[in-house]
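Following this line, the structures themselves.
Next come two complexes, and both contain subunit A; in the first it sits with subunit B, in the second with subunit C.
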Partner chain A sequence: MPVAFITAMSTMAKQLGANRVITGTKIPHPCGDPTLSAEADKALRRAIVICALEALQKDVAGPTIFVPDITFTSG
Partner chain B sequence: MRLELATFSLRDIQFGSHTACSKGTLTINKDELAKLILEDKRVSSADLDVAYPGEKTRIVKIHDVVEPRVKVSGPGCVFPGILGPVETVGEGRTHTLSGITVMTSAEYRPTILSGTEARSGGIVDMWGPGASLTPFGATINIVLMVKLIDGVTELEAHEAIQSAEFRVARRLAETTRNLAPEGVETFELSICDPSLPRVVYVLTCLTEWHHAHSLIAYCGLPIRESLPTLMHPNELLDGTITVDARRGGGIFTTTWIWMTHPIVLELLRRHGKQLNFLGVILQRTRFETEFGKQVSATCVSQMARLLGAEGAVITRIVTSGNNFVDVALTVQALERKGIKTVFLTPEWGGKDGNELPLVFYVPEATAMVSTGSFERDVTVPKPDKVIGVGDTRLVNVYSEDKPFSPRDEVTLPSSFLMTGGVDWFGHLTLTCEEN
Partner chain C sequence: MARVRIMHYLNQFFAGIGGEDKANLPVGSLKGAVGPGKRLQELLGDAAEIVVTAYCGDNYFSEHREEALEAIVQVARQNQVALVAAGPAFASGRYGFACAEVCHAVRNSLSAACITAMHLENPGIETYKQYKDRKVYAFPTTEMVSGMGEALAGMAKGLARLAGGPSLGTASKESYIPGGFRLDKIKSQTGAVRAVDMLLDKLTGRPFTTEIPLEALEKIPVPAPITNLKDAYLALISTSGAIKRGNPDGFRGYQNTKWAKYHIGKMSSMLDGEWDVIHGGYNIEFMKRNPNYGVPLDVCRDMEKEGVFARLYPYYYVTPGARGLISVMHRIGKEIVTELKDEGADAVLLVAT
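Right after this comes the complex of A and B.
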């Protein structure tokens, strides 16, 4: 069964052998950003989940990182 | 910047009617020092005891440890920004009392009851298997037992514990102000033979921006989300870097290990002889995004390149997998800029050593030194005496754990002991055998 793994630590997840890794926002909140407005947070979460759903439909030869169409601004 | 570090080696400590240092013996007036601690109105009670190497004594609830030092000439003071104004230190002359420590066994009513910020303090054994895992098994330790009043905030608790410890340490070092030291070592990054290899030390420090104190402070200012900072190594010897004095426990560093840093001292001693020591890059780690980790790694490697480094030594503190990634990415970034890098780190590996030793891997990390494992258990025997603040019948290190009796033989994760079987910077002489 294909699995899409959303995590802020995508390189580490790839090393551990996860086949479909989606780069999330931040370790404490990989799938969203509580500092954004509700509307902007929803758009961000949507972009990450869509990226994960697309990854599920793709064939991969081995561990692969998918980067959603979002902007990373926080450390 | 030229610093003379004048050493007074102490072989004995006695309680007496006045506080003074003479011929390797430090006499302490207990009442005077207790009174000094009680000047801080946040302290409700203060007492002192001394633990000697070899005696069957267990010290509990330890929150921080420090080596007594005082500045006798040159700008600023030891622990700038805390015991005096903010000042660039590392120049002039500093007196240090070696062979002894001041350690604080402290108790207060915490407002944080769980998580990594909630601590009851670490343990030091003065004999047996526990003593071999800590530099404090071989030093004479003056234990301050400090209780704080109710109602202090977490940051006030840190300040009060640290202030008691630092002021007592300064008072003890003051006893040597007019005495001749046994030895004086001079540390200076003078211009040297340009053919010597140019080496930088990357001192990474995990900090937690969201806690009352972030863990590591520069001139008393807790470092939160900064990019790397360039330091003169002498600044460390004068106590520019301090820690969160509430923590304790094996997995956190004490102030003592930063001010007596063996890698910094060794690089200073070899400067102009075998290498050209360029300075210390203090790198804040534990960014919460891979993006942040990459920015920090890139920034350190560029700073090292601008310094003209050909080689780098990099260490880490605190047993965090998160922080391991920052440091590994920094090793990668340094190597990719052509800077040969040696990486010192402890391992995981599980209780029997059969699990994965590292959580992350970069192919560029080709020269690594293991500084121990914090996942092993240690059985420590029954002591004759337990020193610690308040009720010592039951203690714990992590507030959420089941308390245990320190008055009996007990098997503990090595991380309960300071410094937990992990030798961050090379204070111990432990090694391993390949079977």
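Right after this comes the complex of A and C.
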């Protein structure tokens, strides 16, 4: 069963052999950014999940990192 | 004679700066030995001197790996160190990963030999094995900090040996964790003779030692992608530790051996439910305020309604992932997948903190 693995520690996830890795925002909040307004925070979360859904539909040869199409605004 | 100069790498906790609240701390350095480094220095005696301690917050390191490594290498360079010690990291995943990365970076930029120490199942060990750097050695430790004494003794022994000579002998002789490559050695007998001898030993039940131990790391086959997202039945799994209010399943902050599933079938956001967050490995403040950060139910529900995919599985699965043992997590993963397959789920979104 294909798994889209969303984590801020994407390099480590790839090294450990996860096949479809999506780069999340930060370790304590992988899906979103609490420094944003509620609306922008949710939009960011949606962009990350959309990237995960795209990864689930991609054929990959081995561990691959997918980066959501967004600009991180904090840190 | 001047003593061999060592840089010691620690995370924010062992450097005495702070706990999870300081996990975003950028790289800094302190003169001389700090925290566990003080005991390490005692064990080293006159063999070598910890001249500087570099430290970094665990989260900062993971999120700014390149910058952090550059800054740490810079500290090593400025202090003209010949050796690097990193950790011990025990079973702490982020810290172990940082130790392995620091050793790799310093070894490659400055050709300093490095010693680190961590538990065998620390994910940092996979990193260490993947880099296969000559003159980087990881020593095994206990899972918990209670094994600090032994861990430092192992590191000190390795450092003292490196201070006096170019490299360590084989992993089995020097008791570090095999780095995944073989050391060349000239033997008096040919491979054919040694192989036949070993076979005879095996057939007659005599003890023998293989020259090529098998790699234990499991390769995960790539599952086929989903072909029609609009028809897909998707499930959410999380290691964030967002659990039912009151922790009725008795989860612990560390090393959980079980999982739970919680009903979200009637919710349009995690904010509709009552949750607690238990996790010993990261700052849970944000997750407590909005568990959608770890279980992105709100946006998944929106997309389900819009028809982006067919259906969201009515439960999410969770275990707090801190310091999980690989063998236990393997079992938990299998159990969850078996249930999801029985229920006809097509794919999983897994969020890890």
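By our rule, the second predicted complex is superposed on the first by the 74 of 75 C-alpha atoms of A that agree within 3 Å, B and C clash if a C-alpha of one lies under 4 Å from a C-alpha of the other, contacts with A are read in each partner's own complex, and residues count from 1 in each chain.
Just so we're on the same page, a residue touches a chain if its C-beta (ideal position, glycine included) is under 8 Å from a C-beta of that chain, and two chains touch if they have at least 3 such contacts.
Nothing here was measured: the structure is a model prediction, and the numbers come from that model.
S.K.: Putting subunit B and subunit C onto subunit A via the overlay, clash or fit?
M.R.: When both complexes are placed onto subunit A, subunit B and subunit C end up clashing with one another.
S.K.: Classify the contacts of A:Ile48 with the two partner chains as first (subunit B alone), second (subunit C alone), both, or neither.
M.R.: Only subunit C is touched by A:Ile48; subunit B is not.
S.K.: Per the overlay, which chain contacts more subunit A residues, subunit B or subunit C?
M.R.: When the residues of subunit A touched by each partner are counted, C comes out ahead.
S.K.: Name the contact category of A:Ile70: first (subunit B only), second (subunit C only), both, or neither.
M.R.: neither
S.K.: Given the touch rule stated above, what does A:Leu36 touch, subunit B (first), subunit C (second), both, or neither?
M.R.: In the superposition, A:Leu36 contacts neither subunit B nor subunit C.
S.K.: Applying the touch criterion given at the start, work out whether A:Ala4 contacts subunit B, subunit C, both or neither, answering first, second, both or neither.
M.R.: Only subunit C; A:Ala4 stays clear of subunit B.
S.K.: Could you say whether A:Lys58 touches subunit B, subunit C, both of them, or neither, answering first, second, both or neither?
M.R.: second
S.K.: For A:Pro28, is the partner it touches subunit B (first), subunit C (second), both, or none of the two (neither)?
M.R.: both
S.K.: Enumerate the residues of subunit A that count as touching subunit B in its complex and touching subunit C in the other.
M.R.: 8-9, 11-12, 15, 26-28, 75
S.K.: Looking at the complex, which residues from subunit A come into contact with subunit C?
M.R.: Per the touch definition, subunit A meets subunit C at residues 1-9, 11-13, 15-19, 24, 26-32, 34, 41-42, 45-46, 48-50, 52-53, 56-62, 75.
S.K.: Of all residues in subunit A, which touch subunit B in the complex?
M.R.: Where subunit A meets subunit B, its residues are 8-12, 15, 23, 25-28, 72, 74-75.
S.K.: Which of the residues in subunit B come into contact with subunit A in the complex?
M.R.: Touch list, subunit B to subunit A: 225, 287-292, 295-296, 322, 325, 359-361.
S.K.: Once bound in the complex, which stretches of subunit C touch subunit A?
M.R.: Those in contact with subunit A are residues 23-24, 59, 62-65, 93-94, 97, 123, 126-127, 130, 217-220, 222-227, 229, 232, 237, 240, 282-287, 289-290, 292-294, 296, 298-300, 302-303, 308-309, 337, 340-341, 345-353.
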